[in-house]
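Here it is: the structure, laid out below.
To keep things simple, chains are lettered A, B, C and D as they appear, and every chain counts its residues starting from 1.
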């Protein structure tokens, strides 16, 4: 059986969630491996969410929101960008590399981009293989 | 150095005898051991000592009510402690009139400094207080390895953690009333001393110091299991400096690194 | 004796020899030891940057690298074009690590970026306020138009601390020489530059306009720091109408030297096309004989002449 | 008192009883997702007491089904698995509310746009639908009943800025039944428009069309003018702002003053440059800025009046028959309550002294557009005759230079100031009308005449009035000994350098925000762009609103604008304010952040991060009023619910209603 990655996505309500809606209304298909958790803004996404997702069995995490300058709340995505630019490096330093955490800006108009994104991420994670029980970030008692 | 220590002792005694402070936090050295000590009488000032191995960060005591209750107080402050004081001040944890520093470092004694004067002293004598080269070399060495090798390295290290939280107790930046690891509705971080809980704790502890860590090394020194916590802190400080020019603890009032932003921040990792 | 690196470049050995002479003289008087960079090469002006961008950086890079190797923290590049190329290279290298790496590979020499480049205006300003302060014994009492041209007024990050449209670095030097800097309109207008050979008539027209404005502003003479400007303003006067002729054009360092009482010949004043004699001669200083009155022909004037 | 609808329960008081309603959406969902199977799967989830599927959940019978289930099964929560919540969340939530379930206890699982429409393989799609439903059930189990935030609305608008935008906004709001307080920092309303001679593209006399509006604003019973006043501090939030206004000392009691003018006719200080006339005319130390000023009552310029600076003179008090002069007058602070704010802070011209090549501000006969307006104005210092400032002669050649500071990100501003092409054409035209044998030369980069009648206007300037348009930049302007200004430039269409000997040069300086505009924005929590113009909430769809709820924008403080655009935006801002006033209370989505004050250690991370200034310091005091500690607090009225504060809080002492830590954590955990 081929490995089917599980990808948890944290997206903002105003851009990426709406963009994913547009993917649907445009009937563009993409890999069914993604599960979206909707939040008001990427600024809301706490690093704990990502760690929890890995603990819960996600093979990868995708974070997506509004393009710079487009944030519904003016600056939430800028806050997120700074937070993740550091946190992703910390994750990489502890062994969770760029095949596990993905970032994107997808606007409400970018239905095609969302589909492409999900497909690419799914492929990349599929190639990287399961996150693995051996990884401490996953291993439970 | 002995002249510096003499001057520091004299200043501590002066502050106490004049009643300008009620308590002086400092170090005393006995043989190979370094202890923090709390002095409330001018006569005890002779016991104060300082050398490079006094790594415990005295600023961590400032959150304790029994210490704070005796403000105004003075703290024997190495450059790293001075930076901690400024971080605490910019996060509104201590106020100008509560704490004074008896600033001392490898370049000598800086005198009794109010929080407002610390920045100038640091910038003049210790303008680029970066992690020691040996530490940076270890960070670079580990960074050069593959993700799998790094994961393996940290798995071995993190598994040693008994979750005693000595690192947290030693860190002046860890002043939350209720640490995130103790939150249970919901429980973000498992409290069991194993597996994912350890990973999440170590990573979050380090990340919560992003743009705030002054590199004093107290956390690593306090760890009974010998976890190389400074590797995490140094790597994060390096990234924060290179990407955002973050130099925590040089200004009395500074915007927090996480919690502020610039339109010019790097976004190249975002697809 | 204070040491300063020295990069004469090609023009100081040729058309701009008076600049070389006067710089060396005033430096000596000020107690500054000029150390010429050993084995220096062309700075790349003026053609390299139009033809090959890497070459335009690589040539000055080698010079800077040599200077660094020879322990020169600071280098005076009196020629304005050399200054611009050298300092511009410093700037470009600092901005792009990629370029620095590439050029380093081409030249095959290391350069850490630590050599500071100084132009003639800065250098004279420093001498006037420093080593020469007590030696400026001969206030000249002339009205002087400070002419910057392009390379000593422009270039973001290259010419520092100047308003490119209204530069003022020469003013202090002119005042130190006991002269009065005149306020005029053409201090940064184009002299015609490198078109001196290919489009001489354009250069004559432009340079004549500069000299005419200086004259209208009441200047006794024009000073400049650039050998190119100097040759255009000085050498082309014969082809100009009366509005341009007979205006002595000196290097800023020459003016400074005269004010220190140095010998005009030692400073190279006898080498100019347009006679600077009335100014250079100690007797005729202070406007006894206005230089503008001495006519176009340099044969009519007193000493000097080539 | 808050008026809560009476719901069956408030959520968590009871054991969870959750209903799941799965919609086939005709074939849209049912074709790919096995809805009955999903319903069966959902029924097994903990807390789910009912799980149904139906062809069209959003239809009347579908909604009835939900209503009935809520009533009969006493549901504490509901999940509707159907289309995107952006489509029908409102529909289902109001259905739930009708049945007595707090609407915020209903959530939607998006199994159409995010599932059936994007996947074709039935098993995978059904499995994903199961996941999406499970995640939402886990969320709803932790949902709290939320109640719309209601804020009483004070039906008064504070309009800041008394230029044409502010005046228009004030008049429209008052006409719509609102009350207005119009704050203007100079002694008179009217703004820049009062300084203009004629207006493009109709050449209407500016004062003739403006002054009736000024008078109307002053005499309107529902508009209160506060001239010579500035906003000092702002508290509160949309619906109930409390604004402190500094009323600067006028030294003239406006109640007693009749505006007779004896005082300023007698004032011995005659040579003070008039700001209104761009320094070309002069005024006294006691003055009205211009004859048609509203209010037409003088003020004393404290910096120049010798009575106030040296205690000598007192002439104006002697001649004032009404005793209106009071040299002891002082600034006063006054508090104003307002439900909405319109910022119309206006603009000023960029200081062209940065352009050394145009004389760096040192040449007297190089003037800006306002100075030319005053020269051309019949009420100006020259009575409408074009005279050059240096010697009062009539200029025979005038050079107009466009884009001075605009479209120049090196020395000036990167943006286009939008109005300069038009007013330059107007200036050239007016000049040619007044000096028939004069030459008007316009240097331009592009002529941007987009607007009704604008292109025609420029053509008229060129063709009928003979303005010489030269496409090119001017490299230098200098003054020759004979007083002529030599303008050196390039005609890039011909490809030639050109030189014009001019008598007067008029620079079309860029429009920039007023000095102090940034401080004003900060007081109201409004953002500024990199050039200092006020940021609208959305560049396309919310061009009048700001990030601060209840604060609207009008005029050139937001971006360079001409008069009709400023007026249109002012009317739009007025409509927004009136929309707020239409109801006595405001209702807002209750997705807001809350601080756990027991846990907060006041590190101020949230306060720094909040884009709305909603997170603020809060002092906890004991009964005796002694300060115990300081923590953070979120102001309900200001919070927009982004949740950035919650993410920067290291101890998670801040949480977000509707997207709480518990909810999100349960959702993530449910994905296992």
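Here is the rule we use: contacts are C-beta pairs under 8 Å (C-beta built on N, C-alpha and C of every residue); 3 or more make two chains touch, one makes a residue touch a chain.
As the structure is a computational prediction, the values presented were derived from the model and not from experiment.
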Contact-richer chain pair [C-D vs A-D]: A-D
Distance-to-centre winner among chains (Cα means, whole assembly as reference): D
From chain A, the most remote chain by mean C-alpha position: C
Distance from chain D to chain C - Cα centre to Cα centre, in angstrom: 54
Chain B and chain C, separation of their C-alpha mean positions in angstrom: 55
Mean-CA-position distance for chain D and chain A (Å): 35
Separation of mean Cα positions, chain B and chain A [Å, integer]: 33
Sites on chain C at which at least two other chains make contact: none
Shared interface positions of chain B, touching two or more other chains: 180, 188, 258-260, 263
Residues of chain D whose C-beta touches two or more other chains: 609, 648, 652, 661, 665
Contact pairs between chains, per stated definition: A-B, A-D, B-D, C-D
Residues of chain B defined as touching chain A within the complex: 142-143, 147-148, 150-155, 158-159, 180, 188-190, 192, 194-196, 198-200, 202-204, 206-207, 210, 232, 235-236, 239-240, 243-244, 257-263, 265-267, 269-271
Contact footprint of chain B on chain A as seen in their complex: 47-48, 51-52, 54-55, 68-69, 75, 78-79, 81-99, 102-105, 117, 134-141
Sites on chain D touched by chain B in the complex: 530, 598-606, 608-609, 630, 648, 650-653, 661-662, 665-666
Partner chain D, residues of chain C touching it in the complex: 156, 163-166, 185-186, 189, 216-217
Chain A-touching residues of chain D, taken from the complex the two chains share: 84-86, 110, 112-115, 117-121, 124-125, 127-128, 131-132, 135, 527, 535, 547, 591, 609, 611-612, 640-644, 646-648, 652, 656, 658-659, 661, 664-665, 667-669, 671-672
